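Both complexes shown next keep chain A, but they swap its partner, so chain B is in the first and chain C is in the second.
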Partner chain A sequence: MKTKFGFDIHDNRQIDLDLEDTRFADEVAVVVKSWKACMKCGACVGTCPVGKGVLNLTGINYQPALTTCLMCGKCLLVCPRGINTRHLILEVMNKYREYGKAV
Partner chain B sequence: MEKLFDPFVLLFTAGFSVTGIWFIYKVYRWLAGLSSADRSLVFHGVFSARLWKALIETISESLIHRKVFSRNPRLGYMHMSLAFGWFMLILIGNIESTWYTGDLFKPIYVSVFWRFFDPGPAFPRAAWQPGFAFIMDLFLLLVLSGLLFAIVKRFRSRLVGLKRTTRQQPVDRLALTALWLIFPARLIAESMTCGAHGTGSFLTGTLGHLFSFAFSPSPLVLPTWWFYSFILSSFFFLLPFTRYAHIPSEPVLIFLRRFGVRVSIESPSFTDLNLHACSSCGICLDACQLSEVMPGKQVQSNYFNRALRNGANPPHQWDCLLCGRCGSACPVGVELIPIRQLQRPDTGIGRGLQLPGLVGKNGHKVTILYFAGCMTHLTPGIISSMRKIFDQSGASWHFFDADGQNCCGRPLKLAGQTQAASELKKKLEQDFLRSGAGLLVTSCPICFRIFNEEYRLPGMRVLHHSQYISELLEWKRIKVGPSGLSAAYHEPCELGRGSGILVEPGLVIRSLFHSDVTPSGEGLCCGGSLGGVALEPEVRKAVARGAAEQLTVNHPDVLITACPLCKKTFKPVTSIPVQDIAEATAHYLIAGSSMPERRKSTKVLGYEINK
Partner chain C sequence: MMPREKPYIKSNRQEIPAFAGMTSDAQPVTGNRQPVTVRVAVVGGGPAGMAAVGALAAMHIGVDWYEKEDRVGGKLNNYHQLFPDRVPASEAFGQLVKGTYHNHIDRHLGKAITSVGVNAGRISLNGKDHKIGEADAVILATGFDFFDARHKEEFGYGIYKHVITSADLETVFADGDKLLNVNGSAPASVAFVHCVGSRDEQVGVSYCSRLCCITGIKQAIQIRREYRETRVYNFYIDMRAFGRGYEELYREAQENHGVRFIRGRVSEASEDEQGRIRVKAEDTLMSRPIKLTVDWLVLLIGMSPSCSAVLSGKGEREKSFTNAENPLTGSAVKGQPGVFLAGCCAGPMSIPESVASGRSAAVQAAEYLNKKNGNSE
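After this line comes the complex of A and B, so read on.
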């Protein structure tokens, strides 16, 4: 899945809103309200026993690594912003399944 | 003999046929939808003593409602008087009509409307009439008194011991109205008849007498029986589509359950039977802590069951903590938690997992494997306490998941990812067995539950650390000094209610603190449960706050729990220190006390130190 959900940043640090597409992110946020509070601190990734960056910090995005999540909930416990990461992962997967885009 | 027929019976007969045909069809579907293994259980059950046990349970639960009684006598009386009273009216009405007609195979309506056909001593053997009339009046009175409770419950549920009652859907209300009208309608019809003939006992006779003072009852006899027949008919027409479907379904559930059938993917019809047996009694509403913190949201199991029964998507099913409190409160014994788990779809998460660092990890042989679990790695106090306890007891142990990279699979399962969970399970089973250990100790009740229930580990005992500590204390491998403090114990759902580990934590706590802690299996949920996938952290916190308040009403010096997740959940919401049972033990360990009784311990704990 190549589409990025969100905007892109070019190498010259110019923000490219032409590429902006937040539909997916907005849809997920309807279900998991807390996720927009993420400040990309990385605690969730740091604690994850799978350790391959299951959670993508550049925005929610479908990535193959999501399918390796153990649902263990450690990320949820460490998140300083109280984000329900576990639900987020499940929801992203569900949405992709709905759209028939899952691997 | 008069002709035992009048056109008004046709109404009842039509309605009753709808229920009858529906029920026969349903029983066929329930049996046909079982897996072949379950069907053979049923087949063997029919020819065993379990049949009689099921019969006894049917009488004590479906009629007497013993479990509801033990929860709340007033509510129990309401259920009992309606069910048992009605049953006895049917039974004795049948006996009476058979006694007079001598015909066992008469149409059902004859006994239902018997008082119409036999208002007084019209039949031979009439000397018995007053006796029958008295008994019938007695049971009618019982039912009517239950009805009074039911009406009170609708408007003032607290008076019958319920804080909340189920919000009914329109068709249920309609059926409820019919049900409420059945018995007053019967009373009036019978009293009219008795008034017209000067018969009847203390209830129908007296009322009939009063009627005949005021007016002439004779012309009203037939209309009131028409009305009674109409009400009965409406109720039976509606029954299959309402919660009253539980009346015929519950006994079927009791029998199949006694024969050993359980909710599973392979037997979907058994889930359907469970759903139909739910009476929407609403007892699970008060058991659910989410009723308090998510008012108005219909998370609870009665709504869940109803939605599934109607083929709808159960509301808020991902908010449910799967704490099991509703399941253990349910008087019908609906397998709520297994049904809920099966409803969570497998989306394929965890399937892509390449388990890191598992293979070849445990080359060396040890006697005890220690599995901390993901959560315990976030509360390292528990791990260091376990180290201390293991070392002090002189055990030869190995820290299986020292790198914190293993998961037991239960969180995946709670999130519906059954396939991935079972793959994970297979891999871990192999690794455990390869270690050659005889004992697996875990600090996490979530891991403990799946190890205990689902892992196949021949030759290996599985213990939660509270059990392990309790054994160490019993065999004097370790010794603890009394703390002189008071404590309250929070029973983790997965350990207490979920796995039935109640005695051991109590023993350990009583040896440390001077509080008389006796776990009951009815503990509250801390709110941190991994079952509540969609629950946002604030809601979890609200659950935790409520639970902590209740647990600390007596102002204990410390709140003890036996789960890293409960510990972490409670910590921010109470000013009383929260400790894991292992931490408390390690804290009050008396040094140099280990191993006075080595010989026995070898067998009990699977140690091989002295060989």
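After this line comes the complex of A and C, so read on.
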């Protein structure tokens, strides 16, 4: 929020793991088990032609970064942990639809 | 600082039969007593010492085996299971100790060697104020000390009851004890802090202890196996799963056991009003600060040297891992002919590495003696 008196107020950026809700992640992991093996190396983000990458999905907030996904599958080719990212993206999209969130 | 009480450690420990026979008057059970002309002293009864002793006896070399405790096995006695395959520590102990029941081995338990002196081809082994023995060659297998986590005061070890070290946790597992929360039920969450006393200039430790990463992975899996509902977090700087099967175990921890790995060092821990531990850190991959409350905070402590006091007699303060003359090709100590290093006194090592190092030192000692005595057998 931009204020008139010299400083900005941001949202609290702290992650409170005590209040973390992992249901979404756990449900997706039931279908795509290898998702949990992500070690956040960033290869998928680096290779993504639209600059999104699957990495953003593994964090605490699931930013629907998938609206521009081309389904090109480059992330699938570079993942050192062999995560089936294409399957993962489709599953996340499905789950978002289930939860009534627009993707 | 007062010694901390450990209410979670009960004394229901069963004596393993193999240990029971290991007293100083135990009768050797294998090997023919052949006349042996040379004697090698092995200082230390841990895995490296046991391996060295067994190898020397198998080569028909007389061994004087010194151990400061009243039983052999070293820290292996307090371990539960060994990574990466979760083999019980008692099984590894049994395999190693088997080779040490031999006619050529004289055990000297409860004898602490504090320095060695090399004089005209003979080596004297000295205790605190008197000479304990003599030998033609010495293998130092004095191992390591656990890093004293109280030096990292911000983590609260020795201050908060629910902050423990990985060595404490291993004892809990080994004793079959429960890791319960303040209300006496299964813990809701447990966090591991990597690199406590490793790679930390604040406490004068520049090196990596290497094995804490895999210890954290193994113990995290163990907690998840015992308490299915417990959330387990590992706060790491780098994951260094270097050994065979270690990376696979890391992946298994994530994929099959749901252990969460967070890249970021815990900056401080404090106790809340219920006695739980509040942890502050940063998730450096998300670039966001983290707050977390856990029932137990486990500090993965590094390995500190304990050996150079033996060599130099300098005392507690000047400890460092001992350097071999040609560390790439052997473990002879420079300027101390006949003195060889085995195991963690030369640097952090896993148990298989310590065992290999102990056997290697035994061969090097035998080669040294053959050369010295002009034999070519």
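A few notes on this one:
Just so we're on the same page, the second predicted complex is superposed on the first by the 77 of 103 C-alpha atoms of A that agree within 3 Å, B and C clash if a C-alpha of one lies under 4 Å from a C-alpha of the other, contacts with A are read in each partner's own complex, and residues count from 1 in each chain.
Just so it is clear, contacts are C-beta pairs under 8 Å (C-beta built on N, C-alpha and C of every residue); 3 or more make two chains touch, one makes a residue touch a chain.
The structure displayed is predicted, hence computed values, not measured ones.
After overlaying the two complexes on the shared chain, residue contacts for A:Asn84 are found with chain B alone; chain C is out of touch.
Judged by the touch definition given at the top, the superposed model places A:Ala37 against chain C, while chain B stays out of reach. Judged by the number of chain A residues each one touches, B leads among chain B and chain C. Judged by the touch definition given at the top, the superposed model places A:Lys74 against chain B, while chain C stays out of reach.
Of the two partner chains, chain C is the only one touched by A:Asp18; chain B is not.
With both structures placed on the common chain, the touch criterion links A:Gly51 to chain B but leaves chain C unconnected. Residues 33-34 of chain A lie at the contact with chain B in one complex and at the contact with chain C in the other. In the complex of the two chains, the chain B residues touching chain A come out as 318, 347-354, 356, 374-375, 377-378, 404-407, 411-412, 414-415, 417, 424, 530, 533-538, 565, 568. Listing the residues of chain A that touch chain B in their complex gives 31-34, 47, 49-51, 64-74, 76-78, 82-84, 86-87, 89-90, 93-94, 97, 102. Within the complex, the chain A residues that touch chain C are 13-18, 33-34, 36-40, 59-60, 81. Those residues of chain C lying in contact with chain A across their complex are 233, 239, 251, 254-255, 258, 261, 263, 283, 285-286, 288-293.
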